[in-house]
Amino acid sequence: MIERPPNQPPPAGEGVSLFGDAPEIDLSRGRVDLTLVRLRMAWRTLRDGWAVFVESRIGVLSLAIIAVFALMAFSHPILMATVWEPDVYDPVTGYAFDRFDHPAPPNWRHPLGTDSLGRDILSQLLFSAKSEFILGITAALVTVGIATTVGAVAAYYGGLVDSLLMRLADLIIALPGISLLIVLSALFNLNLFYLALIIGVLGGFGGTAIILKSQALSIRVKPYIEAARAAGGSHFHVIFVHIIPNLLPLSLLYMMFTVTGAIFAEAVLSFLGLLDIRMSWGIMIHTANVGGYLLSGANYWWLVIPAGASITLLCSAFYLVGRALDEVVNPRLRRHDG
Amino acid sequence: MPMTTADTEPVLKVVDLSLSYLTRQGPLQAVQSVSFELGRGQSLGLVGESGCGKTSIANCLMRLLPDNGRLTSGQILLDGQDLVPLSEEEMRHFRWGQMAMVFQAAMNALDPVYRVGQQVVEAIEAHGVEVTTAGARERVARLFRMVGLDPQLMERYPHEFSGGMRQRAVIAMALACDPSVIIADEPTTALDVIVQDRLLRELKGVQRELSMSMIYISHDIGVVAEVTDRIGVMYAGRLVELGDTADVFGAPMHPYTAALMSSFPSISGEKHELETLPGEPPNLANPPAGCPFHPRCAYATEECREEFPAQVQRGSRWTACWHPLTDMAGVGQ
Amino acid sequence: MTSYLARRAGQMVLTLFLIVTLTFFLVQAQPGDYATFYSLNPDIPAEAREQIKASFGLDKPLWQQYLVHMKNTFTGNFGVSFGHYPRPVMEVLAERLPRTVVLFLSATAVSFYVGFFLGKAIAWRRGGVLEYAATISGATLFTAFTPAFALMMIWIFAFKLGWLPVGKFLDPLIWRGAEVSANHVFSYMLATAAVFIAFAFLTLLAARKLGRLGTGRMPFLVIAGGAAVIPIVWAFTGVGYLALDILRHMILPIATLTLISFAGTMLLTRNSMLETMREDYVMAARAKGLPEKVVRDRHAARNALLPVITSLVYSLIFAIDGSVIIEGVFSWPGTGMTLLEAVRSEDLPLVMGSMVFIGLFSLLAHVIVDVLYVYLDPRIRYQ
Amino acid sequence: MRPAGWLAVCILTLCLFALLGCTPEVVREEVVREVEVVVTATPGPGGSAQTGQTSAPVGQAPDPTPGQQAASTTQPAAATPAPPTTTDATENVYQLGISADLTTTNYWAYLGPDGTIWNLYVLGGGKPVLYTYSAQRFDWVPSLAADFPTALAEETVGGQTFWTTEVPLKQGVKWSDGNDVTAEDFAFTAHTAAELELSGNWPSIVDPEFFDHAEALDPYRLKIFFKQKPGLARWQFGQAFMPILSKAYWEPVVAEAKQAGEIIEQQKALYAHVPENEPTAGGFGFSKWERGAFAEKERNPDYYFADSTVTQYASGAYAESKPGAYEFAAYGAPGGDKTLEYTTGPYADSAIYSIYGSQDATVLALKKGDIDFMLNPLGLSRGLQEQLEGEDGLTVIENPSTGVRYLGFNFRREPMDNKAFRQAVATLIDKEFLTSTVLQGVAIPMYTMVPEGNVAWYNADVPLIGQGLSRGERIAQAVQMLKDAGFTWETEPRISEDGRFVEQPGEGLKMPNGEPVPEMDILAPSPGYDPLRSTFAIWIERWLNEVGIPVRADLTGFNLIVEKVFDQQDFDMWILGWRLTLYPDYLEAFFHSRHAGLEGHNAGGYNNPEFDRLADQLLAETDVETARQQVFEMQAFLADDLPYVVLFDTPLVEAYRSDRITYPYTDSLGGLQNASGLTTLVQFK
């Protein structure tokens, strides 16, 4: 074996944690008090973290972009229920009867034009935004749920459990993700939910677990864990009440990266025509490609640019928010000591 | 200004040096209006609790401030040349060539991926002290012997060195270009007492031998007493007392100096009761008005709380205190 | 060292075994089977269909198929491809592997270098315009929709400007008279690269051992000399023009892959640099009066490289992954295109073979990076 | 980078340029070709002989596709320049783009398990065949055969009864190794296929149930023995199209393969052989395969049919001649208006098939001029078509294709087994609206299982259910049909005043037996796989739901549909497609009740004795004219009984570099790719 300094971006041993490091827990105090203290500390760390975060202009900008997309996602059902007739504006089965020159360029009824099958691009774009959020967030939650548990359990128990989980993680990161997903989606006709689940599971048992485990290791040796054990806390209690909450900030960071990965993977797979999804940004580009409009450059820009730009914008926004969070979580990256 | 033991022009003269760090909480006054002189061949100790600005002064002298450090006022005159307005490139020649540094944690001051000898040679080559590789190597060997290291060791990597060896190597490195001033920043902190003691002696010896000037920075007033001619006591970014080592030790004028002395066991082994200093050093981002020491000072009065005390000069030494101890005790006039 | 290598090899075999098993059952679990897919032709009588099944070994029970597959895999032929019947999967993959290896190793090297270079630059001048520009453009390219982006690159540089070829790895008009096959030339190229890397590595190693303190430029001049010999040798082989044709075809894909992937390395390097720059030895280097560039490159960046080099594994895997998407656009029929083609035509043995190959490749990448790490960090030794 | 590094880069670059300077033109020298001298004998169509015949689900991926039939309109033949009797200083290289590599160069394997469309494009046409389809009109004409065969006759040899036919062969047709192409070659090829039980397309070419053996009465007179009387599909449109392989080259290979143990191993050994310098008798000989990059065929200087001229007349007459060698005429007396005339080349010195990884890359290569023509079984999509139409130097051509997309019913379930229900569904589907309005003409509505372009077999006179009706009329009619058949609603659908939309959708539809119509799924390809079919599925779902038929479009992957429909027969309705052969014996395969078993092609379980009778008749028929009447009848029957609601087909759009090349004709069912890019006819400007 090779002995080496910790892999990967160092997991910020002294990082802020959502609940503070709570170094001096007075065990004689009542639980309610403790919770209150914790909440207060959590609020303070959140506030401090936010202060660090807003220093990153890119991070704030990215957050704003995500917010815009979230608004778009919410606006779709509202628009469908109010101003858009389903016959015309349904993203999958709609047909713009008002004209027959599809793909029609942007006009006042269809601000982003229509696709080659006469469907409203804006409606598709907004509808897909929702799917992408569902996909990304499901995948991220699954990843983080699994990875935090795996990381905490591996770090807490050590020994065989640790070895098994970590070897599994090694195996998974040795597999190229997109290739694997291509095989899976071609063989099993994945829909959005299964795709999210698979991405989540792969991420959760893979690289993210390793990183969270090394963070959990540094938490495990903190005095308050010992104290909690000494005070008779069960393994379950220690893991879920003391270790996992302290892993959450780092988990949040990796959630962002998972979202990026999931959205991107979906787009690629849809583009290759391997997914069982009715509408997404990837499908929009795929439709344009099948229609032969990918090469048409500026002539049919509305078929490709809105979807393509949305993929890039949302992916990189999540990615950059993750990067900015990295600076919050890992004080060694901060510009100023504070 | 009082002259020091060496009756020559001071090799280093620091005038009214102030330094602050920009932080999220606002500017942090790390060093405030510090002035001192260092004579040729003389050694000056700077003591104080951690965070009092000693290391900042050292870094400031080398002009090695972090991004957020700002020199707000002052001059650093090295052989009469002010270093403050120099460009980075001009400054480069002063570093090591004129003024070298022994780092706080020798452990980390050596680059882990290069051989130790190579790291010394690098400095020599950068300043053109020796032009041939053979010459440089010869010089490194000499330096190694001087600090008590086997010259063979220069082919080794830092991780193969023990803590003491590393510290010696760092000292050898500092000597590489015959600097006129050496700044030793807590050079012995991480070492055990015996190694520490031996190293101190050697450092002192080398300094005498090469008649270099030295600024020795430590939180351990006992160590400083052993190696320095003069001593400066710092508190919260200010120099609060400066004088010949013997004088200061004999009769501290500032209450803080006195407190500091009593909180360390004497290195010479004299037994006296250790006192702990109550309270904590002030937050430099929001220092208390007046004398920064007043919240912890037993003698503090109203004026202490309102205005920073003026210097009280006593021959070659001075202190900044409204109530110098010797006054109260009626000694030293 | 030997025991380390033995253990490492053992681990690899075990991992490989797991990958093979995993892919086998994954593929078997899918609905529908190949024989149906290929026999939906009403002109093929039922007996012929049964015969097709039999010839593909699909008539046996699952566990037997698994054993056969295991045997095939570890005896090296990976079974017979359905789509290229009766060529062994191994042969199909061996034909395509050199193309992927040559292109994606070069691309990874270039993108790694670019990423590292930019990363250290933006960390050094933190908060500069360059940092914003590089971070935003890097992240944008990183998340750009790869197929469309690659196509756009071809459209601009190959079609509109006409500087480079429209994909493919060679020009038929140049190659139709060629005596040797492209795979020959690819393997020569790989051999050249291997020899040159070994030469450079040994030179540096020798310089380290012999020159001891050597900060001199001698070893680099020797390496440069070695590099200069390469074209001369090639000129004598008589296939130099063919290699040049391949190189010309490699420019655009490499540029595209670099643009897509440099951001990962760049941002990692940046973070690693920011941490390294706080180290005392960097300050010491500066205190020694070393020029900025030396402090940055020889001390900060050199140490920052260490954690980044571990990510080289991920860069390589990312590149292999990218090959699935990119190869089609650049008409570069390597393992990625093979996987996609196999998946689409339900050529199950080829699917499994490709996955195993890709897994093997990433295992090898791990080993290479381990070795590289030992070289770069003197603190690390085999245990 | 260190200075030494820069130095290295500089040196390297310099050396590379030096290298570039000294070895650029190695390429040019080698190819100066001899003029070929033409010998004597019989006719051969310009294009490639068509080989395997299959119908396979229309996928996006390779399917072996042959088959063709005349486009109804033809254009006057282009004036034919002199055949290639002079050697030009510059070579004419016909560059074609293909989208996937060959998988074999072995003809046995290509017609066996490796029958990809790309193999067909490159390898097709390289072998002599007895008979072939004529260009454009797809008349059945002799190629290697000197004339039509003798009529099938019953004959008893050694106590066994055979149906036999005799075929005269042209003399003087040579393999490129100098041997004559003889009846022995035919017998060898057919026997090998039969003895080794070759798979893939072989059983449809050499059907072991019919073919017994072939004899060379003399080298130029062939006699074929059938075990039972072969219908058109087995003899004229089957065995007669069999590519003939060189006995001299293959005999040792086959002999060795036969040593390989079990039959499967024997086949494997034969398929695994990689031919080198295999003799050709076609216009080109396979010369180079740079795997993954390109394949090249070089002109066969001894091509027998070079210089032969084919003329087709508006009267239907066909004439073919080669000066000093042969003359042939059929289907009426030559004379009157010529619809087509061309002289066979090859005019190209070489044909290079360059492999591109995606349609977009191929199109860019075409636009840039790297290739002259692109072979693509799906043709160009509308966006690309539009783009190329405006391009200088490019000509875009559009031809009908040979496929069909359909909605199939599962007759094993209610109410799909109810004819009125099926007809109501068909009435509700407005194909014209979908194809012309929604799909903007990228699809053509169809009503029968034979494409219109297949002129000889297409029955224009089938029931056109629903055609020309407005939305409201369709609904009204469908509702009436259902009512007549005993269906009832809880809430009947109500149409708006103007008849344009449904005000009140139907609810609670009950079958004649009083039970509610169950929820039904329409399996259809996902938009990712085929947006056209998924669009149809979605609209059908909507229209059926309007009248209260509870269906849901289940857009899913291709294999899953195949699995459910063909392997498990667990489904309600499905939408897929077939690629069709010219000779429509597939009607029997798709709809005869004997094929309704698991994995059979009659996946819907259609079972109509009346139809079965028609289908059996067709199989046995040996006369083309009678067969045509039967096929017409079958089409009309199916269009009314509706086991499939035939939906649409897509036209095939292709483009070529008209600034570099010309074709004698471009109107052809299935496009020029169906004639493998007319390699022997293409001429250069």
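Note that the chains take the letters A, B, C and D in the order they are written out, and that residue 1 is the start of every chain.
Operating definition for what follows: a contact is a pair of C-beta atoms (placed from the backbone, for glycine too) under 8 Å apart; a residue touches a chain by one contact, two chains touch by 3 or more.
The structure displayed is predicted, hence computed values, not measured ones.
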Nearest chain to the global Cα centroid?
-> C
Among the chains, which has its CA centre at the largest distance from subunit C's?
-> B
Per the C-alpha means, the centres of subunit B and subunit C lie apart by a whole-Å value of 53
When the C-alpha atoms of subunit A and subunit D are each averaged to a single point, how far apart are the two points in Å?
-> 47
Express in whole angstrom the distance between the two chain centres, defined as the mean CA positions of subunit A and subunit C.
-> 27
For subunit D, residues that touch 2 or more chains besides their own = 60, 360, 364, 559-560
Interface hub residues of subunit C, defined as touching at least two other chains | 30-31, 126, 151, 155, 306, 344, 377
Overlap residues in subunit B, where contacts from two or more other chains coincide = 67
Can you list the subunit D residues touching subunit C in their complex?
-> 2-5, 7-8, 11-12, 15-16, 18-20, 22-24, 26-27, 29-31, 53-57, 60-62, 64, 93, 95, 100-101, 103-104, 109, 112-114, 116, 197, 199-201, 203-204, 209, 264, 267-268, 271-272, 288, 290-294, 296, 350, 352, 354-358, 360-361, 364-365, 367-368, 370, 559-560, 562-563, 566-567, 586, 589-590, 595, 599, 601
So in the complex, which bits of subunit C are touching subunit B?
-> 126, 212-216, 279-281, 283-292, 294, 299, 302-303, 306, 376-379
Complex interface listing, subunit A residues touching subunit C = 1-5, 7-10, 57-58, 170-171, 173-180, 182-184, 186-189, 260, 264, 267-268, 271-272, 274, 285, 289, 294-295, 297, 304, 308, 311-312, 315-316, 319-320, 323, 326, 330, 332-333, 335
Per the touch rule above, subunit C residues touching subunit D in the complex are 30-33, 36-46, 48-49, 51-52, 54-55, 80, 82-87, 95-96, 99, 151, 154-155, 158-159, 162, 165-170, 172-178, 181-183, 217, 220-221, 223-224, 227-228, 230-232, 234-235, 238, 240-241, 244, 247, 327-333, 337, 341, 344-346
In their shared complex, at which residues does subunit A touch subunit D?
-> 92-93, 95, 100, 102, 116-118, 186, 189, 270, 272-279, 283, 286-296, 299-300
